[in-house]
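Structures for review follow.
In what follows, chain A forms one complex with chain B and a second complex with chain C.
Let's turn to the complex of A and B:
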């Protein structure tokens, strides 16, 4: 088969997988939300429900898409959803897409920055640790890393707010920008510092430790001996040979870590009241606003799955040794060893 | 050579019978070497303190001392009081019960679901296996936190059982995956085949042959799932979706953190958090002990 046809086949296969997964996810979430106790009408209209007549109630049900059996509701919902109508938010009384869309950008900026910083720093730290294996620094990093992984991120956030905004007055404690300064980039950066620190501190060690272990496995291979006997220096061997072999693993780890980093973003957002979809999801879960929560879940799922597909494709480009089957088998291996 | 017996042989060496090489008992220090003693001791103290909370605390953990709102640590209230006037020292020991209970319950749920699911998936034929392994993949495609949020929101007011159930139901995927890959390796070995040929059913094979072989591999995941469940509980409670404030646990104590920030009362935030983290780190340290030692080869660099 010529390579072009193969690429097209791969792309269609993955897109189909994506659509199928999203479909199953949406069915699951929809059923869960509809099975929930508590009348959605109650949360939409408040106490006004009790004074409504039966006809008014029926009309309201039809308006909110709550009439008929669940599968009929679902087909109706998915029909609307394909046209961009995900229903009304029960709390804000506006279309959910309007509530969510201004916030996605904020989350992506925060999450994306943290994601990149975490992996750049983790890789550097891992390289440094691997070059100085079993040195004092390396051992400290490993010990601290395993301990730091279990510090709940929200607690770290609260402690940082306590220290830096309440007692030292250095940094703002909440929000994405001060009122009336939405265009001021410096102001936005100042608001992002604390959430970023929380996310980096709670993710960095873990991934640095993982990459370090992969590097150390690589350092024990035979070709390192050959390179050494050729006269390459330590730095050259690690950067030119070992690191290149580990790079696909790092991309793989990055792909697996997306849900993990995203949930970190969500927690950081709710601690710092940062206007993003994470804080929104917590709010909507509190107020039983299932339409909104469903959309957030679907958006997150789409984000995670599509980025893992991208990571898979990048892996194949930078590492031609990988075939599709190998990648999946090997991703499984890394996933199981990492968890 | 028929009538050979012990009398025909001359025994050389006097007192050959009395000389029994002394069986040297390994010293206690030697036995404890490499084991996470410090973690076990600290965890033991915390767990015992929680179990015997009635003897340890000096105030009523559920009582409101309205004269002593948000009081800093002093000789009467060792760890101070929170914004509702409750004694934190007493609450720590009393609330630890709920937190540890949640950890253990969730671990049980995770282990049962993960092992059974993994065993079924591992022994099934490849088509069923492929379908079964899609489920954890889909669950993992959204952050666990979001899934837990959805479930807690659906289930209404929380109690210890409900929250353990939610955490357990969402947390078994990693374990199932490990169990499955392990089962795939041992399912075609002779003893499993023999057991099947002799008519052993799935349950028999799983309990007698698969699980004993899995224990060492999954021990790490199982033990560390206690700490991740406890961490998840505290996160949920902090976000206001976990246990309500009147059900005391380390998590629900931290749910007052936002109020404490406004009042600038550090002890309400730091003390329960430190207890939680010490417990989590100890459990994780013990879990690491179960993990098989790898990476022993010398570095060439």
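Let's turn to the complex of A and C:
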């Protein structure tokens, strides 16, 4: 088979997988949300719901598409969703897309920055620890890192707010930016510092330790002995030889970690009242805002699944042993040249 | 008098372990002339590898040179620090390891692994280094080096990889090459080709080789001189003819009679009874005494000195003392019976 056809086949396969996973996810969340106890009309009408008559309530249910068996509701929902209509948010009483779209940016900025910082710092820390394995520095970092990792993020958030916002007045305690300053980058950064500290401290060591141990496995391999007997320095061996072999693992870890870091973002958003999808997803579940919940879940799911697909593709570029097409192409080439 | 390229004087290497000190190499003295191939043979764990790695200082931090001197090319390198050793590794001392499947870095193209070593030791341009690397690949008998240059090790067979490792080890024109069981992991035909290659390179470049092996057949084919090690000590050293046709140490008798004769049908293969000692607490006398059917009382009490048999041949056994009873080697009896 020629490589081009194989690539097309691979892409179709992965896209179909993505669609199927999203479908299963939507069915699961749709059922679970409706099976959970609570009344969505409560969030739509507020306390007024208690003074409404049964006829009025039934009429409202029909109007909001909350009547009938769940599978019927689902068919209706997916029919609308496939045309880009994700329904009305029961709490905000506007189309869900309008509620979510201004907040996606906030979450992506916070989550993305945290994600990049976590992995850059984790890799640097791991390289440093692996270079100085078992030195006093390495041991101190290991202990401090483990302790920092086990600090609960919500508690740490509250403590940081207490210190830096309430006592020292250095940093704002909540929000993504001051009112009317959404375009001011410095203002945004000031608001992001505390959430970022919480997220980095609660993720950093987990990944740094993984990468450190991976590097130490590599350092004990035979090729390191050969590199050493060539006259390479320790730095060259760790950075040039070992890191190259660990890089695919780091990319895989990064891909797998997206849900982990994303959930961390959600926690940080709730603690710091940061307007993002994370805070929104908690709210929508709390208020039985079914349509909003579905949209938030679908966006999160899409982010997680597509990132793992991208990671797989990057891995194939870094380590060609993971790629089948190149080997077969090479075989064809040598077979034709030898005959 | 010609100065030897490598001289070990009473070298002892120990490992510090939680259970105590392991004396891996004990009081080893030998010298290696230019263009000479010295084979070091012995059972697993007898200290062959530790001896060679201690010369390149590749051993882990738990090891230390307890006593003795290492003299390379007239310079005493015993107290050399890491930085000075780095200059020697590859350019003066070089090493080929046992398993070619793991000694090459799996993600770096072969060509780059060779040029790295060239650029390290000669200040030349990348283009020249590339040319030199291609020459090296050609020298070690890789077909179509231009094509193979940019391929990762997984495209190569075991024999080809060992050729590449040899190319890496030889690029900077070292004076002494250690081959640590370099042919053990290869099948016999590939092994024969690598041996021919080593002899060929020796004849072309005048390199000295320390050939570590436990395969006596291979040793007979390649070596000029043979050193037999047991329990960290050299028990007998001499030219190939002397060791194979006139061995004096009972251990070497045992080794030689363990070789099968293909010309005559034999019953079971002869073997040396017992196991080599654990070097945690070596016996005060000859370590081989407990397995030696010709052991004298003094063997258990006092370490035998090296007895000179001819200018090139010496052995450490009390049997060579003038007071010892005259024992005919069982080997010569056996050989007589065979012929």
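Convention: the second predicted complex is superposed on the first by the 307 of 339 C-alpha atoms of A that agree within 3 Å, B and C clash if a C-alpha of one lies under 4 Å from a C-alpha of the other, contacts with A are read in each partner's own complex, and residues count from 1 in each chain.
Note that in this section contacts are C-beta pairs under 8 Å (C-beta built on N, C-alpha and C of every residue); 3 or more make two chains touch, one makes a residue touch a chain.
None of these values were measured; they are calculated from a predicted model.
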With the two structures overlaid on chain A, would chain B and chain C clash, or do they fit side by side? fit
Which superposed partner A:217 touches (first chain B, second chain C, both, neither): first
Between chain B and chain C, which one contacts more residues of chain A in the superposed model? B
Does the superposition put A:139 against chain B (first), chain C (second), both, or neither? neither
Thinking of the overlay built on chain A, is A:159 touched by chain B (first), by chain C (second), by both, or by neither? first
Contacts for A:13 in the overlay, against chain B (first) and chain C (second): which applies, first, second, both or neither? neither
Output check: A:244 vs chain B and chain C. Expected answer is one of first, second, both, neither. What do you get? second
Regarding the shared-chain residue A:230, is it in contact with chain B (first), chain C (second), both, or neither? second
Touch test for A:93: chain B only (first), chain C only (second), both, or neither? neither
After superposing the two complexes, find the smallest distance in angstrom between C-alpha atoms of chain B and C-alpha atoms of chain C. 6
Common interface positions of chain A, toward chain B and toward chain C: 221, 225, 228
Over in the complex, which chain B residues touch chain A? Could you list them? 137-138, 140-147, 149-156, 174, 177-178, 181, 221, 227, 231, 234-235, 238-241, 254, 257-258, 261, 264, 266, 269-270, 273, 276-277, 280-281, 284-285, 288, 295, 297-301
Which of the residues in chain C end up touching chain A in this complex? 56, 58, 86-91, 93-95, 97, 99, 102-108, 116-117, 120-121, 151-152, 154-155, 165, 168-169, 172
Using the touch definition from the top, list the residues of chain A that touch chain C in their complex. 221-223, 225-233, 240-241, 244-245, 318-321, 330
Touching chain B in the complex, chain A uses residues 21, 24-25, 28-29, 32-33, 35-38, 131, 133, 146-147, 149-155, 158-159, 161-162, 166-167, 173, 213, 216-217, 219-221, 224-225, 228, 234, 237-238, 259-260, 262-263, 266-267, 270, 281-282, 284-286, 288, 290, 293, 296-297, 300-301, 304-305, 308, 332, 335-336, 339
